[in-house]
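Each of the next two complexes has subunit A plus one other chain: subunit B in the first, subunit C in the second.
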Partner chain A sequence: MINVYSQLQMLAGKALGGLCLDPQNASPGPFVLGNGDFFIEIPVAYGCSYSDITLTGANGTAMPDASELIDKAIETGVESRMCTAIKVACYYLEAGLVRKPDLIITSNSCCDAMDTLGNLLNGYKPWADVPKFIMDAPHSFDEESYKYMGKQLRQAVTFMEDVFGRKMDWDRLREVCVLSNKQDQLLLEFQELKKAVPCPANPDLSRLGFAYDRWTGERVSPQITDWLEQLVCATEERVKAKLGIEGVNEKVRFLWQDLAGSWPPGTLWARLQQELGAIAIMDYMSYCTLTPIDLTSEETMFTSFGKRFLLEDPMNRQALHTTDFFCNDILQIVKDFKCDAVIMPAHIGHRDTNSRLKIVRDMCREKDIPCLVLGIDIWDKRYMPPDVVFDRISTFFQTTGLV
Partner chain B sequence: MTVFDAYIPKIAEYVENMRATGRQISVFSAPSSPQELKDGLPIKVGPGSNSGIILREDTYMELGNPEAGSCAIMLFTDRPQLIKDGAITIIGPDIKDSGGKSLPFGQVVIIGGTGLDDNEHEALKHTGFIGDQIQGYMVRSYTQSIWSRVSKDAAEKGFSLETLGRALMALYKSGDSKIHAMETIFVTSGKDDIKLLDEIAMQVQKITKELVMQTWKIRGYDIDCASDCSSCSDKPVCDDIREVLKEKKMDYDK
Partner chain C sequence: MKSGLKSEVFEKFVKIAGGIINPSIENWRNNGGRVVGYTCSFVPEELFVAAGLTPFRIRGTGSDQSAGMADDYFEAANICSFVRHCFNKILLGEYNFLDGAVIGGGCDANRHIMDNWQKSPAKTPFLHRLLFPHSSGELMANYFCNQLADIKGKLEEHFDVQITDRKLWDAIKFCNEIRDLQKELYAFRKAENPPITGAETVPVIVAGYSMPKEEYSSDLKTLLDELRGVSAPDSKYRARLMIVGPGHDDSSMCDIVEDLGGLVVADLTCFGGKVIFGAIKENGTDPLQAIADYQILDRPFCPKNLGAHPHIHKEIFDKIHDFKVDGVIGQNFLCCETWGGELYILNKELKEAGIPMLRVEREYAADSTGQLTTRVQAFIETISGGAL
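Entry: the complex of A and B
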């Protein structure tokens, strides 16, 4: 029998599967390309396609020919320790495989690799004639920074209007934001349900919901609201019945303090669940901290966008701010979601995070939270093969007495 | 004296301004010891008092949904005499008066203890992550301010903001033996009143930022990069890298 979760996974998987070189948010309008997650409500309301070339690269690492692709990317001479998702994106670009956009919007966030990719996009000779808008993301999180970022996003809209000769429909933007707020509330609701012990549903559905909502042609649409509503309703029923993930005997709950990447969820996490009853309760992408967009005025709307960009976009949140902030998130997640351990995948591309490993380890020791540092490539399983990673995690859980 | 001392009168002034503008204000006086604080409460307080979840259908009302307005402030001082220990001030309607509707929510927690110093900030903040410790009350995992839910069950049992104040005092006081006095103020009277409180919160945040920097400095990490290129000893290395990049770019442009 197909349960509701399989159905939801199939639906989202259909929209996300195979998504790579084509625009992620395909629509009949003009095509805008960026090096990060541009505020999705804007292209949706404006009626244009939007693609994040970082995501294009990341998606490339999930393709069947990923290894070959990554090797080709290395041959282009990109710095060897650069994040693999970015290497692949650089390769796609240099090989002329990315569709020429009508407008490029980049920012210096959130990591050095994405910044480099943005520079590459802006300096890419065959696209010299494409209009470009560059934003500056401050490494801070206060009202002034949100306003500063919001103003730039507002200017990006004006720039789009000038380039495409068409005005933004502000009522439409408002409508999209209302829908988006509703969807974010549902994502938050699902997140709360993951606090239940045993965890009622595969926690990775948060990430899937987020990706489906943001990165597909169905972006911010009533279908997504419906998808999320079904997810929450089905999970509420399981919480009431005190049921855990089907077929899993929950023994350990851990925080995966990094992005999930292209291979860990399907191979590593699935095996950890089945064989050890160990569940990755939370990761960067599924930690949903979205504040509803304040629709009081145009200014408050854009300040909200600025806040989301700087503080609530999963990767910006963890890469752009202080170590203190990073550590606080770890402690809060561990407490709220009753995690037994913290796993620091230490993705090779995350130089910012990796410079904090000792601090995190010391903090966990002080708070009595078992902590394991791996050092993997979340986009290339050859760097540290899944079996080796599994064994290391398994040994860690055994030595700490968690399984 | 701690860095927050100057803000305690500001909060008192805020309460007085609210009173002067005719807001509905109730003041309760709670006992001092953690056990007395818990005694007689309609709900359980302490680790594992709830599952950590209140489902939508079991929710009586929400406090501090960001759309309604939300703000949280924590102040502490080593001069407990500045605090009216046990005072719980409520500005605006209480839970039972909400008719189940979501209310804006401002929460001010003022903590006093002779042994508290500026370095205590982090520990006190973590004591404030209440998780599953108040039955029928769930603080959502939302990091900016406080966004919480009160269950229908708890509301029926008589859960009020006074209950919440006492529960918070009990948790803080049993979580940190240095705390001798504590006062709480809750604001539910409207989004605009929350905004006024938020102005104080923003100033407090700036001070908190400084405290955080200090705490890290004590641990040996300077998170405030006060130097610039001209004063950095690695400048020659960076200059070399820049030169190489420039040459590479020129090659590429050829």
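Entry: the complex of A and C
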């Protein structure tokens, strides 16, 4: 049956499906390449394409020939236990499959693997002539840090202007920010609606909306606003009618404390919903903590960008800061979204999470929150196949009496 | 291969580097001295010296293959064994003599030592993190300067000391002098027949981060005098090698190389060549800024830093030239992404330059040396043109 959610899913899915080796938000302007998510508002307002090569690598792991691709990536000879998404990105780069950019912007956010990729990009011989701008994302989140990051983002704009010989249209940037603030507000509204019991709509739509909004060719367009408005509207109706996800008998709500990666949504999560009534009510790419960009002045605008970069970008929020901060997020999500359990995928590439497992486990035990640590590769299904993961989660829910 | 070095002071360094607590530290503490541990060479020893404290670089020396207790905190399959073994020593109480510790904000694994230490049963009174920028530039040096000011304030408060500018300038000068002495030691290895081997150099350098500084400086001067007097025998080594990578706080890799007839003449590692590089400016208006500029602008050799590669490249190629290096061993600990990536780039560049390189991924402690030995042997044979 085609309902509004499947329509929305199709629309976003189509746009996301187009993300491949080409610039991810192709526009007629110059092409900027980075090793992480840059400020979408900036390239959109400037009228240039921007690609995040990490995302390119991550997308590779979801391709039909992913296993072959990952094997080739392993053969490149970068660190053998590095994050698979980054390995695939390294392979794309080394195999000469990535379009040559007009400018490279790299930063150390959010993990060691991203740094490695950044250094590979900066040191890639065939692109020695491409101008490069490097930013430092500090492992701190206070006003000073936001200003520090904001200054660098402002410098990045000046650098772009110098390289391309064209000025930023500041009115256009404001316009884009207004639209982007509106879209973020809608993402937050959908997130609020997800707190209802039963959960009114597939929670993964948050993640989809976030990716659609930020990574596709439609970036910050009225089309995205429309998509999000429909999402919120349809979900409000369902909350009023106390309806849960169609065809799902909700029994367990859990926090998937990591990125979804390239495989859980279509396989594992759908099966958990159908067979166990277990819903991944929140994951770390869906968790929206965005605050509006302050448009008072150019400085406040860039400080807001700095804040977003350090604190509100999901991967940075998860990886850059202290374990206490990470644990507080877990507790907050469990409380707000009425989670019955926490599942720590503990992606093998996440050195930060893999350095925190005892603290998280101890905290959950103390607070009486059932917690399961998996140790999977969120990009390579062969490391621990979805069937095995399903069985482990299922046993965990049974032994804790949740199903 | 051994140089035949016979020296009391050298034996003292070997003992100090071969363990953690040592008589020099005990003596310092018995006389009321205080000791602060730190991880990562970006934590400047100058700050502690200016506060009258002895800095002690945290290592996992003496660990066997398992990091036992630390593996509860750091997942063994995914976290570098250097970090796990260091933390295991902390959990085992071998760092209980510390009056405090400053954890550097280096790689993802290293900086989490702080969080785990705070929650662990090891109760160390003064625990702070020092955040580093991860790229190089004026803005970053200023950021680091602010972080240093923050730690300085915390040290002053906790240890009830005043770290004046004068004391900081004195500490900078003193630490520069030590670096100069260490560079002199390294310079001996440029010779055709050096009076000291690579394996023998490691404990001399490591001891410098593990004992009171004045005592070290005086002992090192004695050793240098002794080395000046040695007429090194004609040693028949088969290749002059350089080691690049993290760690290098023990001589295990040098031992393998030198037992097989190679000679390690240089390194760019986190306990060696990276640390003794250059000097901090001894004048200016702000000593903290001078330290920050040195760490962030002059010495950006950490591959965790974006944009570090050209500096690393230059330093390695300069050393290859100055120390007449025949081949490079690039070793990183498993799961060390930053060094793994750096060595990957370096491998390609050395290949292009016609300089042989051996890539090794290994564990920190008590590696199964069988396979490693075979690979090093094959490498030396390739360079030297055949088996002995």
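As a working rule, the second predicted complex is superposed on the first by the 401 of 403 C-alpha atoms of A that agree within 3 Å, B and C clash if a C-alpha of one lies under 4 Å from a C-alpha of the other, contacts with A are read in each partner's own complex, and residues count from 1 in each chain.
The rule we apply is simple: a residue touches a chain if its C-beta (ideal position, glycine included) is under 8 Å from a C-beta of that chain, and two chains touch if they have at least 3 such contacts.
Being a predicted model, the structure only gives us computed values, none of them experimental.
Participant: Both complexes share subunit A, so when I overlay them there, do subunit B and subunit C fit or clash?
Facilitator: clash
Participant: Give one of first, second, both or neither to describe whether A:Leu193 is in contact with subunit B, with subunit C, with both, or with none.
Facilitator: first
Participant: I'd like to know which partner A:Thr291 touches here: subunit B for first, subunit C for second, both or neither.
Facilitator: Once the two structures are laid over each other on A, A:Thr291 reaches subunit B alone.
Participant: Does the superposition put A:Glu236 against subunit B (first), subunit C (second), both, or neither?
Facilitator: The answer is first: A:Glu236 touches subunit B but not subunit C.
Participant: Identify the partner contact of A:Asp324: answer first if only subunit B is touched, second if only subunit C is, both if each is, neither if none is.
Facilitator: In the superposition, A:Asp324 touches subunit B and subunit C alike.
Participant: Contact-wise, after the overlay, does A:Ile359 reach subunit B, subunit C, both or neither (first, second, both, neither)?
Facilitator: Touch status of A:Ile359: both partners.
Participant: What's your read, subunit B or subunit C touching more residues of subunit A?
Facilitator: Of subunit B and subunit C, C contacts more residues of subunit A.
Participant: Could you tell me if A:Asn119 is touching subunit B, subunit C, both of them or neither one (first, second, both, neither)?
Facilitator: In the superposition, A:Asn119 touches subunit C alone.
Participant: Superposition on A: which subunit C stretch among 61-69, 151-159, 241-249 or 295-303 collides with subunit B?
Facilitator: Residues of subunit C that clash with subunit B lie in 241-249.
Participant: Using the superposition described at the top, list the residues of subunit A that contact subunit B and also contact subunit C.
Facilitator: 322-324, 359
Participant: Quick one: which bits of subunit B touch subunit A in the complex? Just the residue numbers, please.
Facilitator: It is residues 51-53, 55-57, 65-67, 125-126, 129, 131, 138, 140-144, 202, 205, 212, 215-216, 221, 223 of subunit B that touch subunit A.
Participant: If you look only at subunit A, which of its residues touch subunit B in the complex?
Facilitator: My answer: residues 142-143, 181, 188-189, 191-193, 195-197, 232, 236, 239-240, 289, 291-292, 294, 322-324, 328-329, 331-333, 335-338, 359.
Participant: Subunit C touches which residues of subunit A in the complex?
Facilitator: Of all residues in subunit A, those touching subunit C are 76-83, 86, 106-108, 111-113, 115-120, 122-123, 132, 134-140, 144, 148, 151-152, 155, 319, 322-324, 346, 348-352, 354-359, 362, 375.
Participant: For the complex, which residues does subunit C have touching subunit A?
Facilitator: Per the stated touch rule, the residues are 72-75, 77-79, 83, 105, 107-109, 111-112, 114-116, 119, 131, 133-135, 137, 139-140, 143, 146, 303-310, 332, 334-342, 344-345, 347, 359, 361.
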